[in-house]
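Labels for the chains are A, B, C and D, by order of writing; each one numbers its residues from 1.
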Amino acid sequence: MPAMREFLSRRGKFRPKGREDETGAPQIPDDLWTKCPSCGDIIYTKELERSGQVCPKCDHHFRLRARERIELLTDEDSFYEWDIALRGQDPLRFVDGGGSYAKKLEQTREKSGEDEALITGSATIAGHRCALAVADFGFLGASMGSVFGEKLVRAIERAADARVPIITMNASGGARMHEGLLSLMQMAKTVAALARLGDAGVPHVAVLTDPCYGGVTASYATVADIVMAEPGALIGFAGPRVIEQITKQKLPEGFQTAEFLLAHGMIDMIVPRAELRERLADILALYQLAETVSHGSIVGTREVGAGRD
Amino acid sequence: MTDAASAPLNAWDRVKLARHPERPHTLAYLSELSPRFVELHGDRSFGDDLALIGGIADFDGIAVMVLGHQKGGNTKENIARNFGMARPEGYRKAERLMRHAEKFRMPVVSLIDTPGAEPGIGSEERGQGTAIAESLLTMADLAVPTVALVIGEGGSGGALAIGVSDRILMMENAIYAVASPEACAAILWKDAGKAPEAAETMRITAADLLGLGLIDEIVPEPVSADEAPREAIAAAGAAIGRHLRELLQEFPLDDPAAMRRLKDERYQRFRRIGAWREDAAVLAGIANGVLP
Amino acid sequence: MPAMREFLSRRGKFRPKGREDETGAPQIPDDLWTKCPSCGDIIYTKELERSGQVCPKCDHHFRLRARERIELLTDEDSFYEWDIALRGQDPLRFVDGGGSYAKKLEQTREKSGEDEALITGSATIAGHRCALAVADFGFLGASMGSVFGEKLVRAIERAADARVPIITMNASGGARMHEGLLSLMQMAKTVAALARLGDAGVPHVAVLTDPCYGGVTASYATVADIVMAEPGALIGFAGPRVIEQITKQKLPEGFQTAEFLLAHGMIDMIVPRAELRERLADILALYQLAETVSHGSIVGTREVGAGRD
Amino acid sequence: MTDAASAPLNAWDRVKLARHPERPHTLAYLSELSPRFVELHGDRSFGDDLALIGGIADFDGIAVMVLGHQKGGNTKENIARNFGMARPEGYRKAERLMRHAEKFRMPVVSLIDTPGAEPGIGSEERGQGTAIAESLLTMADLAVPTVALVIGEGGSGGALAIGVSDRILMMENAIYAVASPEACAAILWKDAGKAPEAAETMRITAADLLGLGLIDEIVPEPVSADEAPREAIAAAGAAIGRHLRELLQEFPLDDPAAMRRLKDERYQRFRRIGAWREDAAVLAGIANGVLP
């Protein structure tokens, strides 16, 4: 299986960056206690860490950095990162009030401890091999620029070649304005790669996390074969403030929450963070089973009453 | 309801059994027959219909896409499930999941159990007819094996929408009809009270339909499924599994030529259905170039 | 082209039945004057005939018998009818309060002057060859029984073989109860034939006319490549009385009209009867052009300003 | 607005021209360029969006599927057309018509002219993001040649949704941007009044985008299209026609291998887009099996 070999060999051989590498803007204050922004409760920070950053009282899912998600999701030491040499450019020589995009990229790398807003690699989840692409909201709001798109497409292409499912964990505040139309075109680029993945019959499972807006919602994330979301995550095309300003209407209760999307038929399921790993393992197992059966091998034998009850 | 053992049941008895509130519904079958079921929701354009559910199940070592109408077990559930009457978004979800199944080469198993598609203002606004028609079209052309089992009520187009299958099975006490006996009686007898008579002449029982060649097999209910649900479900599971294995053997999923044969046989199966004759005198007239 | 030869050769060689052949239940009273059911105006019957049975005052489209539609639509003497020998059976030995289905079929044939609720054949429209399948509401409310389905499928198969578009003109009051599940299965049978027509890349254009309900709306008619409707035609899945009874709600103004369906995205266009022939000719010409171009031949040359203005 | 002849226009000037109320919109192009256009309506599930229209046109002897945003010529029309801002049902109609085009082997011509997809409560309820994404997916995989022309405003994802094309052209005074200059200025300058500066640095003019390799050709407007609409439309028609003929010659519609090549070239076209470098030290580290 040369495809599988390449799938594995492209990794950088080093352990994933841990949370201790992150120097800037941690989501979680390094104090003993953390205040839940949803219920206002004061939570023992260590308890929050044990729960995967979910409020034990109100179930509020705190935002996570990409590497935290990877750590929670994958089997220990199974993650091999891809394309760590890719760096953003400033193709438009974009300058806003705050200075050049080139400078901003440099500062963001320092502050966030990441090189870009998307981390990709291969991993196993409960023993099932998969490709992973995880957005980091801490890097320029996980806006989809050229490197984001390129890393994602390379991951999709490797998944297609190796016939291994890809799981994307998505968040985004919107477009990478500083890369202009190059940024917009990443929507077409990533979706086009998924079209080929689909032709190859390889699954894409997307997990939408808070917040997920703009180009990501309008491209690769929502055309996944299975779309799931974390409880309470805000997901939409246009931001709520923009909609309120333009329509002059009060937004309905629960507007753009994961629950709202489920009710409107846009996602397959809402999965609490604590159950995500198991649910993904189930799904990967079922796709694996389909692949096996489609090649002519059926392992089961009918046992009456072998069900779950 | 143990009359089954003593006296033969008439069509109206079967209607009552098929609608029996204790009769197991789709989720009961899934929980009994699959150790691993991932339900998938939504039509990706308007809503999620709880009256028509679907998802991927490990069915005896085969990954299948299961679609099924879902009635409730009590009034509250029945309101949430709209009494198993699907709306357009239900049929659009079904269509989406069928394409999912085709993409990943999973057979499709349908569990049919509905009084019919919902008649309502919103359903008409969102194209109930179009949604059912598109589901039929997708299913007729699907390049994976498909097995349907009528577990309760097979009500009209809303049932058929997920029943254009390579194998069609019925539980012994299920019914399958072009319209409800009540509606038929109201239209043809101008009296809904004549429903039992209508039920009889409409030939809606499993035995009738096997006799007409419209279904392939009857899953026996020595004790009716409302009284012995686990036994009925186990028998259903065995029958579905057998047909799936036969189909997978005859039509290997990774063989494009086999999938073309499968679609061709499915076409011929439905192509044949109907009762007609050709008037010999007219045929002779055509052959001779003159009208008879 | 053997396919084309067969397409033509299966015709019965005789002129179509004219309106004068119809003995029963004519839509239009044979008086000098006809009352419009929509605006109440009294119209000179001959004027109504000249307008294709459209009220000159309020544009109400009277119902037409199948042969009237064929006459209005096709080039003179171009219609060759198919499958005139097909006759219905009484497979269920169905008996209702009024007697047996076998007897009812016989009576209906007498009364309506037709042998079934669908008339099929080949014809030209403004010189474009097409297959035609036209429902006759005067025959048991154009309910789709076995013969209806069989005639339609044979027409679709011939259209596919000859690579000639098929136009269906549809009306229906619902299912043919007397044929039970055999009637329901005609939905699957006709749609399955259309799936193959689609695989062959041959178009199906459907015209929905008043009234069009039940199985026809939920099967072959609404999955056409282009769906049009006559103005004011009532089209739906469930009948309005059923919906009103069940929901106990007042139906909205214009519910289930062609205009309602257009607004809700279900049909491509509403075409007044007077324009139908021309519009279908345009569509047939465009599909013909697509077929020609797809085989490598482009006839046009760019003439700037050769447009319609 | 005849400055064009004398002084070069800056990006903000182009924005104003691209939005000029007298600038011709999609239907004007169709009426000028096609002697036979049959408009097709509806998404078959919810509604018909008048802000994104489509249909089959005889375009210079080629049957094409035309898709285009449609702005109004006056306030009343603009309200009916929602100022050219499409809703989910518009993108679902576009997707349906693309599949129609593929089925009958018609090239697809897109005329892009929108401030962006509608931001609104109903649009979010019905999945604006999902609808655009599905349109992108369908278009990326379409087995017929596709040509897009930005005739006015190419606003963000709502524009791109019908622009994943084999050839992408722009009118000289059209713009194409990831966000409106006003939105960009509001976010990055915290001052929507800085829109002219934003417009400049965003590189949204036809010349900028040709320089970046994102478009293939600029259709000249010696006199801007609001002043000389027929001339602009004629030039656009000539350019589209030329590209269509080239594509049809290179990729014969009835040749499946050519359609695979076409899709492959389209993929590579978008696959290449982006600006990045690979850090040599890191690459060396990976090659040596150690971190740099």
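Throughout what follows, a contact is a pair of C-beta atoms (placed from the backbone, for glycine too) under 8 Å apart; a residue touches a chain by one contact, two chains touch by 3 or more.
All values reported here derive from a predicted model rather than from experimental measurement.
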| item | value |
| --- | --- |
| Taking each chain's C-alpha mean as its centre, the one farthest from subunit C | A |
| Approximate Å spacing (C-alpha centroids) for the pair subunit A, subunit B | 39 |
| Chain centre separation in whole Å, for subunit D relative to subunit B (CA means) | 44 |
| Centroid distance [mean C-alpha coordinates] between subunit C and subunit A, Å | 51 |
| Residues within subunit A bordering two or more other chains | 198, 264-266 |
| Residues within subunit B bordering two or more other chains | 44-46, 126-127, 130, 134 |
| Interchain contacts (touch definition) - all pairs | A-B, A-D, B-C, B-D, C-D |
| Subunit D-touching residues of subunit B, taken from the complex the two chains share | 44-46, 88, 92, 126-127, 130-131, 134 |
| For the subunit D and subunit A complex, residues of the former touching the latter | 117, 119-121, 123-130, 132-134, 136-137, 140-141, 156-157, 160-161, 163-164, 176-179, 184, 187-191, 194, 198, 201-204, 209, 212, 214, 266-267, 270-271, 273-280, 282-283, 285-286, 289-291 |
| In the complex, subunit A residues that touch subunit B | 198, 201, 203, 225-226, 262-269, 279, 282-283, 285-287, 289-291, 293-296, 298-309 |
| Residue ranges of subunit D touching subunit C (in the complex, touch as defined) | 31-48, 56-58, 60-63, 89, 93, 100, 103-106, 230, 234, 237-238, 241, 245, 248, 252-254 |
| Interfacial residue positions of subunit A with respect to subunit D in the complex | 12-14, 84-98, 145-147, 149-150, 153, 174-189, 191-196, 198-199, 214-215, 217-223, 235-239, 242-243, 246-247, 249, 251-252, 255-256, 260-261, 264-266 |
